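Below are two complexes that have subunit A in common, paired first with subunit B and then with subunit C.
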Partner chain A sequence: MTAYLVRRIGQSVAVVIGVMILTFVLIHMEPGSAARATLGTHATASRIAIFNSTYGLNEPLDRQFVTYLDQVVHGNLGTSYALQQPVSSLIAQRLPRDFLLLGLSTVLALLIALPLGIYQAVRRNGIGDYVYTGIAFTLYSMPDFFFAILLIAVFSVQLQILPPEAPQATTVAGMLADPRALVLPVVTLALISVASYSRYMRSSAIDTLAQDYIRVTRAKGLPERLVLSRHVLRNSLLPVVTLVGLSFPTIVAGAVIAEAVFNYPGMGLLFYQAATSHDFPVLLGSTLVVGVATVIGSLAADLVYAVLDPRVRYGHA
Partner chain B sequence: MATRERGAGPGGISPPGDAAATPGQAGDAGAEGTEGAASAGSSLRLIARTFAENRAAVAGLVLIAAITLFCFVGPLLYPTNQVTVQLGIAKLPPSARYPLGTDPSGYNVLGRLMLGGQSSLELGFAVSIATTVLGTLYGALAGLAGGVVDAVMMRVIDTFLAVPALVLLLILVNIFTPNLWVIILLLTFLSWLAIARLVRGEVLTLRTREFVQAARMMGAGRRRIVLRHLVPNAIGVIVVNATFTVADAILTLSALSFLGLGLPPPQADWGGMLSNGLNYLFDGYWWMVYPPAIILIITVVAFNLIGDAIRDSLDVRLQRP
Partner chain C sequence: MRVPRWTAAVAIVVITVLAACSGGGGTSAGHGRTGGTVTMAWVGASPNFIFPLAPATNTNGYNENLTEPLWPALVYDGDGGKTAVNPQESLFSSITYSNGDKKVTIDLKHWNWSDGKPVTSRDFTFVYNLLKANVPNWWLYVPGLFPDGVSSVTTPSADTVVLNLTHSYNPTFYTDDVLSLVQILPQHAWDKTSTSGPVGNDDETTSGAKAVYAFLQKEGGQMSTFTTNPLWKVVDGPWKLASFTSNGAWDYVPNKEYSGPDKPFLARMNNVPYTTDTAELNALRSGSSITVGTLPLNDISQKGILKTEGYTVASVPFPAVANITLNLYNGSVGPVLSQLYIRQVLEDLINRPQIVSKVYNGLADPGNGPISVQAFPSWVSPLENSGGPYPYSPSTATALLKAHGWKVTPNGTTTCQRPGSGASDCGGGITAGQPLSFQLLYSSGTASMDEQEAAIQSSEAQAGVKISLRPEPYNTLAANVGTCTASSHPAATCGWQLVDFGYQPNSLYPAGNGFFNTGGYNNFGGYSNPEMNDLINATEYGSSTSAFFTYEDYAARQLPWLWIPLPANISVYKSNLQGFTPLNPLTGGLNPEVWYYSS
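After this line comes the complex of A and B, so read on.
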């Protein structure tokens, strides 16, 4: 296990460095864009030159990268061109809000998807199964932004029971103080994930239900409720756990759209604004944070695997 | 690609570690489905048979055929002006002359659905084909090479996967001015990862099998083994993924359009029509919203139904006795 862990952490570090190289090369593919985006279209050539030398953008790319790496290792993510604030404090402001949004929506999604998947597996090919499968397919196939705006149209415009904009408070506590405004962004992200989670849970539970040990638990007279909650649920969780771990970047991408629709002041919105204004330090910093989180997410999924399934023993291969 | 995450089945997703050391790969649905099938022919026949029995999948196929005809043959039978802006006939409600009304630029919405569908479908198919070729070859080579080469090739994939595709796309479309071909290239660049990993997993299980070893013993080169033995046996997983990729590409293009980074006018795609139309939803111009929304969702559902049916047909565990 330790040897396995060490190797996985080594791989993770390699991936994080890869992410930095990848984004660094990509965003520097259009030289001069940052200066023009920040200073405006009427900026003179000399002002652009001053901007580029201030931020070291006229240096060779490899030298810029080494400088950047050196900064990052010392905990400095640079300063936003557009907002003139340290990137680390911008991210520190927004990251807790994303934990709130992604955490609540993932928990909600699992609370719906796990029982739903088991129900569908038990009533396989029944009417309920078909109805929920149909709903899941439609949700899954709908553009995220369209779904979000439909929810606004129904709950904010027609029924007028929920505000269309996410809470704009600066702290997580402040956002929690306005729970009604959190409902639509959280529900949007959750329902989108429910579609795929419940689908996986269904196939996984169908597999589990066919196992001999389930027959044994029934034969020894365990009530069906306990069979399902104690044995089927636990044994079917594995693929869903992996899916949740792996779908982290997907959830973040969904969050870009949801944050843009609901004006939720999180990383997604920060990133979107940075991408359109060529704010390099913010782009680099936020992809780095998301990359690290993704790598940790997949590592965590692997470890949870071992806890959930004692048959899994790492390190032999 | 991939606004969403997808694997080849309950056992098909593997944690992003080394497949040989992680358990997710062991029960790979595709590997079991093609058990004993030594050629692509029998595996494809199995897919075709189970597929024909699946009514949802047949419905999906019929829908896609109908929509493709609508988009590509429709404009020949029902030509409309989709190039010049005509503000005099903007935002007209549905009528006999304009069955689905007109949009804010005076384009006939029914005709625009056909034109938009052409871009959406072309993009979906092109990305799917390019992704499949690139991802399959990459995955097969990595799985076959093994050792350091495999490890490096997989870390490259992990790196791409660690950055959300939409985030990379946002960076890329700001660098390259978007047009249909640029977006096809960018989406391909981002969507070959999943299939590469799936194929590599298949190859890792296949390459130890006797028929591959026999071929190698008879002196078959690496290229022959990949193209004649490994790829045909992994065809199920590949086809499933290709189908889902079409759906995902169409959805991703719509997300880009919503963020204002889609195809520039007068070009159109369903997602772009939908996101433009949504600006007018609350003013009662429903005909700019629901027609593109419905045709887009139906198309994506149809592709997903087909992919799902093929996946079921490969998964012997799910088949009725």
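After this line comes the complex of A and C, so read on.
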């Protein structure tokens, strides 16, 4: 297991460096000038010169990359051209917000989807299965901005029982202190995710229910509740674990639409705005964070496999 | 950075109350009501720099919204609903021009800083010294103006500053467009090079001024210390900064030591950022605590709902002019666009009245020429007032094209049949068979903008002018649209043909320097005309009042840009908030000191 871990971490570092190189090159291949994009109609020749000198954009590309790597190694992700703040500060402000919002919505989605998937598997092709499948597909196919605005229109504008904005506090504790404001964004993101999780769970549970050991447990008289919770649930979780592991970078990358609609500036909006304004340091910093999250998510999923399925023997892989 | 200074400054102001909405007007004088909190919503961006002399790399116009209430400019823009200097609110008591308009004598009012020290002429020289040593690293720097155009500064007394200029300027131009950019800063508190260092006269040497400037700029970017740094606690404006959070929200409380005429009535003013106007509209509709906000023109139909939530809806013209910029040095269409008659054809085919009424619900400046008719009524010539030199006329456009040797194909593509540079030919550099076809880049993300460009595309087609539309995010446009001139038109940044950025701001004295003069800093398309240069110079350096109209009419006729309508800004405010109207396009809602609640 240790050797496996070391090998995987080594691979992960290589992947992250590869992502950095690729991103750096691609960003600098983007047509147009970062100085012009940032300065807009203020982009006089002298200002462009100051801008390029300030941010080292007048250096050869390879030297810029070496400088950037050196900064990253020393914990400096650079300064945002547009926001004029250290990228690390911007990420530190926004990442916890996304962790909270998307983390809560993922947990809620799983809490709904896992039992729902098993229920649908057990009642396969019954009325309940069809009804929940219909609901799940409806939610899944609904654009998140539309669903968000729909919920706001009903619960905030018409009934005025929930605020239309996510919490505006700048700390996680502050945001948790305003739970009513979390309801609509969390529910929006959770419900549109339920379909994918529940469909995977349903499919996996159907396979599990057909296994001989399930028949054996039933034949031995184990109550159905225990059959489902101890044997079906655990053995059906593997595909969902993969899905959750792969959604970890999504959590880190933010939810641009939800952030825009619910006035919740997070990583998604940060990245989007950086992408449209040639804000290279933010793009690089965000990509680095998402890259790291991707390898961590993948690694975590592999490790959870081992916990869930003893047949997996990483140490002998 | 999408929002230039003027736009940020006018993001929430009101001058014309919509017909259906009548509450909220009036003056604050003598009402005797104090207290209460106003919450103002800001959409799309927030400040990130508090030192008023921001570096050239930081063009966030919202910074000015943050700092103007703390450190007002020497010259206060906006007098009631008029786009004019407001002497009562200004820090100067008089500005006198002499020696053939080469000498400016500024007398300061007896104002105090919030720490009790007087505002003096030394504070002016502090700003001058800092800028002189650090130009061009100042975001409002315009080559040749302040401080370049000042040969010396003297201070005969603590209340008097004398500027000797390098040459004569039109006093109106210099006061309105130059001195209005100068914010007076507290030398006695800021003239230092480190946090723990003593305050001295470091600014009086070039190296010292550089060190002070670098120190203040470094401190000015530390958002976490905006409210705690002792530097920023010394103000002379009506407000003090009470809080500033990392998500861009900030609060003001009244500066009890404010020496100006309008002491704030409100107990607090909160400024709250919104990621999008959709989020802000949702908040407005759900009975939020927002007191003042904005409304996208596309959502004007929501005004009835907002009224039931206790809001009044109002509009204000932008102090700007909307335009389509023409690349006269584009490799394929530059020679075509260089022909004045072609520009006339393009303008003749823009149905501006229809765009105003159908696309903008009547809430737009007509776009008759280089000056906004609605925002700058006192600067609008009779020609512009009457609709401009080129009213919508497809027949005139068609006749012009035929007279110059083009085969006009309505709803097809008109082509040149008589190449050559004669009076009845297509024009120099235009080849036989060349199509009248252009690509129009425009700033994406606004439905009404999409509709406007589609309307232009449709009306231009009536004379066979083919316009292909390409929307792009503003910053992408800015990144790719390079300045193209006779001496420099690299293919990489001069591939664009027509571009609509949305608008260009007019200053208080709305002359054309920078836009239409040869080599002007905003002259992207390379327009160059000696007569235009002379007329612009006449508006800035001479004192003739007729010079402005002469320049204006010439620009309107010459079409260095195509003139198009500019939508107004729509604001909403709680109906019990008094003193909000009439506000001024130039002050941009930055005078909440005159607001108060009626109940």
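For this structure, a couple of remarks:
By our rule, the second predicted complex is superposed on the first by the 304 of 317 C-alpha atoms of A that agree within 3 Å, B and C clash if a C-alpha of one lies under 4 Å from a C-alpha of the other, contacts with A are read in each partner's own complex, and residues count from 1 in each chain.
Keep in mind that, in the parts below, a residue touches a chain if its C-beta (ideal position, glycine included) is under 8 Å from a C-beta of that chain, and two chains touch if they have at least 3 such contacts.
Keep in mind that what you see is a predicted model, and the values were worked out from it rather than measured.
Once the two complexes are laid over each other on the shared chain, residue contacts for A:L83 go to subunit C alone; subunit B is not touched.
Of the two partner chains placed around the shared chain by superposition, subunit B is the only one that A:V295 touches, whereas subunit C remains out of contact.
Looking at the shared chain after the overlay, A:Y213 reaches neither subunit B nor subunit C. Once chain A of one complex is fitted onto chain A of the other, the partner contacts of A:P164 are limited to subunit C, with no touch recorded for subunit B.
After overlaying the two complexes on the shared chain, residue contacts for A:F51 are found with subunit C alone; subunit B is out of touch. One of subunit B and subunit C touches more residues of subunit A, and that partner is B.
Annotation: subunit A residues 33, 149, 157, 260, 276, 278 touch subunit B in one complex and subunit C in the other. The part of subunit A that touches subunit B in the complex is made up of residues 4, 7-8, 11, 14-16, 18-19, 22-23, 26-27, 29-30, 33, 137-138, 140-146, 149, 153, 157, 192, 196, 200, 203-204, 206-207, 210, 239, 242-243, 245-247, 249-250, 252-254, 256-257, 260, 271-272, 275-276, 278, 283, 287, 290-291, 294-295, 298, 301-302, 305, 309, 311-312, 314-317. If you check the complex, the residues on subunit B that touch subunit A are 2-7, 9-11, 13-18, 20-24, 155-156, 158-168, 170-172, 174-175, 247, 251, 254-255, 258-259, 271, 274-275, 278, 281-282, 293, 296-297, 300-301, 304-305, 317-318.
Residues of subunit C that touch subunit A in their complex: 1-2, 4, 48-49, 55-60, 136-137, 139, 143, 221, 223, 245-249, 272-276, 278-280, 282-283, 285-288, 473-476, 478-482, 492-493, 501, 504, 521-522.
Of all residues in subunit A, only 31-34, 36-44, 46-47, 50-51, 54-55, 81-85, 89, 93, 149, 152, 156-157, 160, 163-165, 168, 170, 259-265, 269, 276-278 touch subunit C in the complex they form.
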